[in-house]
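In what follows, subunit A forms one complex with subunit B and a second complex with subunit C.
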Partner chain A sequence: MENSIGLSSPKRARRLPAEFNIFLVLIAISLTFEALGWIFQGQSFLANTQRLSIVILQVSVIGILAIGVTQVIISGGIDLSSGSVVGATAMISMSLAQVATARAVYPGLTDLPVIVPVLAGLAVGLVCGVINGALVAYARIPSFIATLGMMVTARGFAKWYTKGQPISFPTDSFAWLGAGLAPVWIFLVVAFIMHILLRYTRYGKFTYAIGANAHAARVTGINVERHLVKVYAVAGVLSALAGIVVAARGLTAQAGMGMSYELDAIAMAVIGGVSLSGGRGSVAGTMIGMVIFGIIISGFTFLRLDAYYQEMIKGLIIVAAVMADVYRQQKRKAHR
Partner chain B sequence: MKKQILAALAGYSMMASVASAETIGVSMALFDDNFLTVLRNGMIKHSEDQKDVLVQVEDAQNDVGKQLSQIQNFIASGVDAIVVNAVDTDATVAMSKAAEEAGIPLVYVNRQPVNVEELPKDQAFVASDEKESGTLQTQEVCRLLKAQGLKEARVLVMIGELSNQAARVRTQDIKDVIATPECSFMNIVEEQTANFIRTQGADLMTNWLSAGVQFDAVIANNDEMAIGAIQSLKAAGRAMDTVVVAGIDGTQDAMAAMAAGELDATVFQNADGQGRGAIDTALKLARKEAVEQRVYVPFELVTPANLTQYQAKN
Partner chain C sequence: MISTTTEAAIRTYKDRLETYGLLSIKGIRKAFPGVLALDNVELRVRPGTVHALMGENGAGKSTLMKIIAGVYQPDAGEIRLRGEEVSLKSPLHALKMGISMIHQELALMNDMTVAENIWIRREPHNRIGLIDHGKMADMTSELFTRLNIDVEPGASVRDLTVAQKQMVEIARAVSHDSDVLIMDEPTSALTDREVDRLFTIIRDLKSRGLGIVYITHKMNELFEIADEFTVFRDGKYVATHLSTDVNRDDIIRMMVGRDITDMFPKVDCDIGETILEVENLTLPGVFHDISFKLRRGEILGIAGLVGSKRSNVAEALFGITPAASGDIRIDGQSVSIRSPQEAMAHGMAFLTEDRKESGCFLTLDCLANIQSALITQSHVHAGFVDEKEVTRLCSEMAQRLRVKTPDLYQTVENLSGGNQQKLLIARWLLTEPRILILDEPTRGIDVGAKSEIHRLISELAGTGVAVLMISSELPEVLGMSDRILVMHEGHVSGILERSEADQVKIMDLAAR
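So, the complex of A and B:
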């Protein structure tokens, strides 16, 4: 997994993968819940297939975002707009996915084939992503600000679209995209494709190169601007996909959907070893970060921990997991 | 990004001079909320139905500071009355004071201000009494469980956002009803928050099911969480006639779930009625007419028996 360390350090290629330590953290957290489960609940936390599926299912939508955000962060930027793009996409795609019996947004456009709402939704994400990328690459606006603008605008659009009214009653074929474990499969397909893309293709090499050192990347002949637009466009499309899945899963679209998902997505990526300064990280790491999130949410309910304590402890675990990673980095540098 | 909706009178605005129109400034806590949208549309519709009433609605985006500056802007622009749907019900003292000093009537709608006991005389509160909602809901669950002949009933409680007053009151209502002798056979086995959100309700229910929690009823602080619970129960293959599920709000989706035999009870909060009541009260105050300082629009229990009456509402 040499690319997770970045192009700048080929010498470290033979060491343990960068994700190894955070994987140990995941194991430690899982075993902690397992032990607490036997002590307080008298049953196993992990040996329960229903629980293992909900652990992944409840974070797979944010996981799709997190993978898009991962490659943006690797390229040296940040994407704050993903949660709002989820809201905007959910509204648009659901409005084209309603059955005739619903109080439809477009009474003339009901019972359409599922491809229509899906493509419309993905197009929204693509447009948002390209705008983000163009603002960052060509207008030279810091990604934090450019995507913050998109975050506010896309959320405003989602509210304006139906004047705040939720949209419900999708067709069966649309609902199928979010039914049962479908979100998990969609997530796994996305993760697989993005893993290949980042690790084995020019797209990935350019992304790591730009994140590690944009100037050097330019000198080696990479068209940095054009590539950054692509990176943000991919992130936008993945946010849109998450929006479609979350709407199909809840059988409803609401303007507030995806609120603060972008922060969870960034947290998952960072826990998974993606460096906010760019050039380092991987899809596999982000997936581990995502599973840690899922384990924490399910574990708390399993232990019947009072709701008031859950968020406080969740915050502490995020910081502790990243601290463990930072400590590992420093130790590694000292050994060099 | 200040969002403004100017609900002008399309038809007769040309004839009537705007100077003689009464203007009401409305600050809503947030726009992207189903219930508050129905309430907001109720206000707009009701003002359009009257001659020479102009409503200016602003979105406070759940930000206390933004709401306060909106009210100050309304005062500065000399509106005849202000309607506030408070972001934070503890932050209303400053709003009351600002309006009182400017001599402009103020009406709080839907969310009960902390200073409801000592409102200045040209201010009022229009809402439904939250104590009714959870009480009606839990009493119906109690009745249904009793009809099943259960000697002991296990209840799951899904709480809304923990910082929200309605979530707190509705949860307390559940406990108060269970404390009465006729419903004391009910026991709360689990209570957990799902933040009023459907997918979180679904995830919470799946987590409970996988932890092996046994139960006879689910009482949720709103319909969205109840629908989420239903989705997970169905996915897990639980027969919906073996569990009583109750929500609050009476949304369109909830009505559909009830028609499908999945939701057993919800409580209809008359959003449209609250919106109209707020406009009426504000106009009366602006015209120096006498008003009740607390106007309560009653909650109404919705069950499969009376479902058809409510399907067209909200």
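So, the complex of A and C:
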């Protein structure tokens, strides 16, 4: 028989956070690559700051949208459009961030202050996100289909925007957004804000509640439809932010930018323990998932594995992560 | 020339059929977490008879039928089919053994044709191995002629009426040449004429030697169609009789005949002025002309059988599925309630019937479950939840309701049904409701937690909260309520004062 709760404040019993297991997996994978490094390459995998900073830079950009996708998955949905929104945003923001010397997309709109391309880009993401959210919440289209439609449409828009031509030569201030470790800092700020949002605000609590049981959330007085629109809108804005960073980092924007980022982002979240059935997961988990993802990819590069193998292995990782999620759900059901 | 061994085999078979009947159930036990649904029940169905299974809601009828149909596996006991002990592993296995079930919720595939639904997995094939739709239609027509059913084999099931769907289900069951046919309240959606036709079919099947298990709440049906009947009560076997041996009152007594214990500590309290007034509330096809008054400090019980649409009325009041017409007045003011938010703004709270479906956030912790309603209304500043204050309120409420959990950070899916229910009650009490709607507040929870919840409801009424309590357990309704509103098929069939109400009167109004 369990005890009735204590008389004083509800002290948290000693219990490991849910992310602990994933963290162990991260350590196990890192150590495996370390060992393989010494065996096959005769050098350390981890003790190499250059390699580690590349890993971190690589995952940070996708991480920005993975944070947005995380909260969509927690709300019980999915966002497949994030990679395409990256592409569309990269094009639009870059077209407003060009210097006068180039063959600019808008010759009259060059050398604008950096706030203009940034706000324009974020607005694109907001619009895409609101459309996604409205389709899911009010038109009651499954999120998989609604965001799949947005994925195709936004990619098409990105190609149409300059008829497939890349856009280059950004202003220095715009390029600064992607230079050096800027993407990492942007990611960390986004992750921190989302962590606070999910844990301590009504926004976060409603998101978890809807993902755990949308019907119960409605009965409890939550305006489920309105809230879902917000969740998808936030995801759209974060995808757009990633798009701006990608463009700034590459000093050029191409319609194909962010291709399949959505799948990487979903994989990071799922590896990090965010349940595809909703109501479970955290920013911390996704961050660990990101690092696992990055380590595996860079580990294979380090071992000089062919790039084709890497793609195949990436596919396996995604399937394995989802299988682990399904397995966890079944175990819980059996336990009940 | 039949060999002696075969003759002997036939003789043993006949003996066994004589001893055990077509279907014989003994000592069946089935427990679900927190409830013992069936405790040592028995049932014996003879070939060529209709055997009715009677009992109140929650008596365990449907559970037993699901065991016979292979949906659930019993924890203990034996099932004998034609005298031989069998273990039914799945619905398909039961079907192959000769047991068909017609479910209460129709289980047809809407987007397929009638013929496809009937012959699924058994479609006739033509020479090159494709489905022979012509032959399938012929087989269907033949079957329908035999059963005197008038439905087009090629019609899409989506386009059929409920009665036609019912007929198709029956035809499908018959097409399996089963020996045992289970019907779970088959007439609940049928008109009188359709019922007559169904009974003709049942009599025909009976004459072919089938054993039919017929679950019903309706007395008149029992006397019209059943040869024998068995009564269950609270998951236990009560009695089996020939339907010619008894009358209506006997059966009602068998169904409800238990003592009302003093499990329900209803405290008498002062009943104040009317707070909620409902007039002619109607949702076409669901409920009609629902009118009642609810006063401060009063507990109004709502009794009725499954399908009497009690929960739908509650959902309409709370704005989940608003009514189409009628008037809701709170404190004499006519109000329009189109969403739960609006209902909550008027001081209403609604504990739903299905904890898992529409109550708990199973993947979240106790704290998140308790605070969800509160933070839609208050304790939020600039988007941030006042964690300290909310946590204090939640933990106080959890203690008041004696929720048993190591701490409030425990995931709710790990708690027992009774504790989950207490958390949900805590959720609503934090909103300080003036009108509390409870739908089956003690369903599926153990006796101890039950009486605690009853004590709590009584206390709340004592503080002036008006309580509307839907319950399928007559002792609970009788023990707790100041007045009892009885519903029958979407209508109010009567409102009884506490002093005049008893089980027989309620069943009389509920069963008609």
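Odds and ends about this structure:
We adopt the following convention: the second predicted complex is superposed on the first by the 298 of 336 C-alpha atoms of A that agree within 3 Å, B and C clash if a C-alpha of one lies under 4 Å from a C-alpha of the other, contacts with A are read in each partner's own complex, and residues count from 1 in each chain.
Please note the rule applied: contacts are C-beta pairs under 8 Å (C-beta built on N, C-alpha and C of every residue); 3 or more make two chains touch, one makes a residue touch a chain.
From a predicted model like this one, the values you see are computed outputs, not experimental measurements.
By the touch criterion defined above, A:G256 reaches subunit B but does not reach subunit C.
In the superposition on chain A, A:L109 contacts neither subunit B nor subunit C. When the two complexes are overlaid on their common chain A, residue A:L126 makes contact with neither subunit B nor subunit C. By the touch criterion stated above, A:H215 is placed in contact with subunit C alone, subunit B being left untouched.
After overlaying the two complexes on the shared chain, residue contacts for A:K163 are found with subunit B alone; subunit C is out of touch.
In the superposition on chain A, A:S275 makes contact with subunit C only, not with subunit B.
By the touch criterion stated above, A:I297 is placed in contact with subunit B alone, subunit C being left untouched. Residue overlap on subunit A between the subunit B contacts of one complex and the subunit C contacts of the other is empty. Taken in their complex, subunit A has these residues touching subunit C: 1-7, 9-13, 15, 200-203, 205, 208-209, 211-213, 215-223, 275, 278-280, 332, 336. On the subunit B side of its complex with subunit A, the touching residues are 1, 3, 31-34, 36-37, 40-41, 59, 159, 162, 190-193, 198-199, 202-204, 206-212, 228, 231, 235-236, 251-253, 256.
Against subunit A, in their complex, subunit C makes its touches with residues 33, 318, 320, 339-341, 344, 350, 352, 357-364, 367-368, 371-373, 375-377, 380, 383-385, 387, 391-392, 394-395, 398-399, 402-410, 413, 427.
Across the complex, subunit B is touched by residues 41, 43, 48, 50-51, 54, 57-58, 61, 103, 152, 156, 158-159, 163-166, 168-169, 179-180, 246, 249-252, 254-256, 297-298, 301-302, 304, 307-308, 310 of subunit A.
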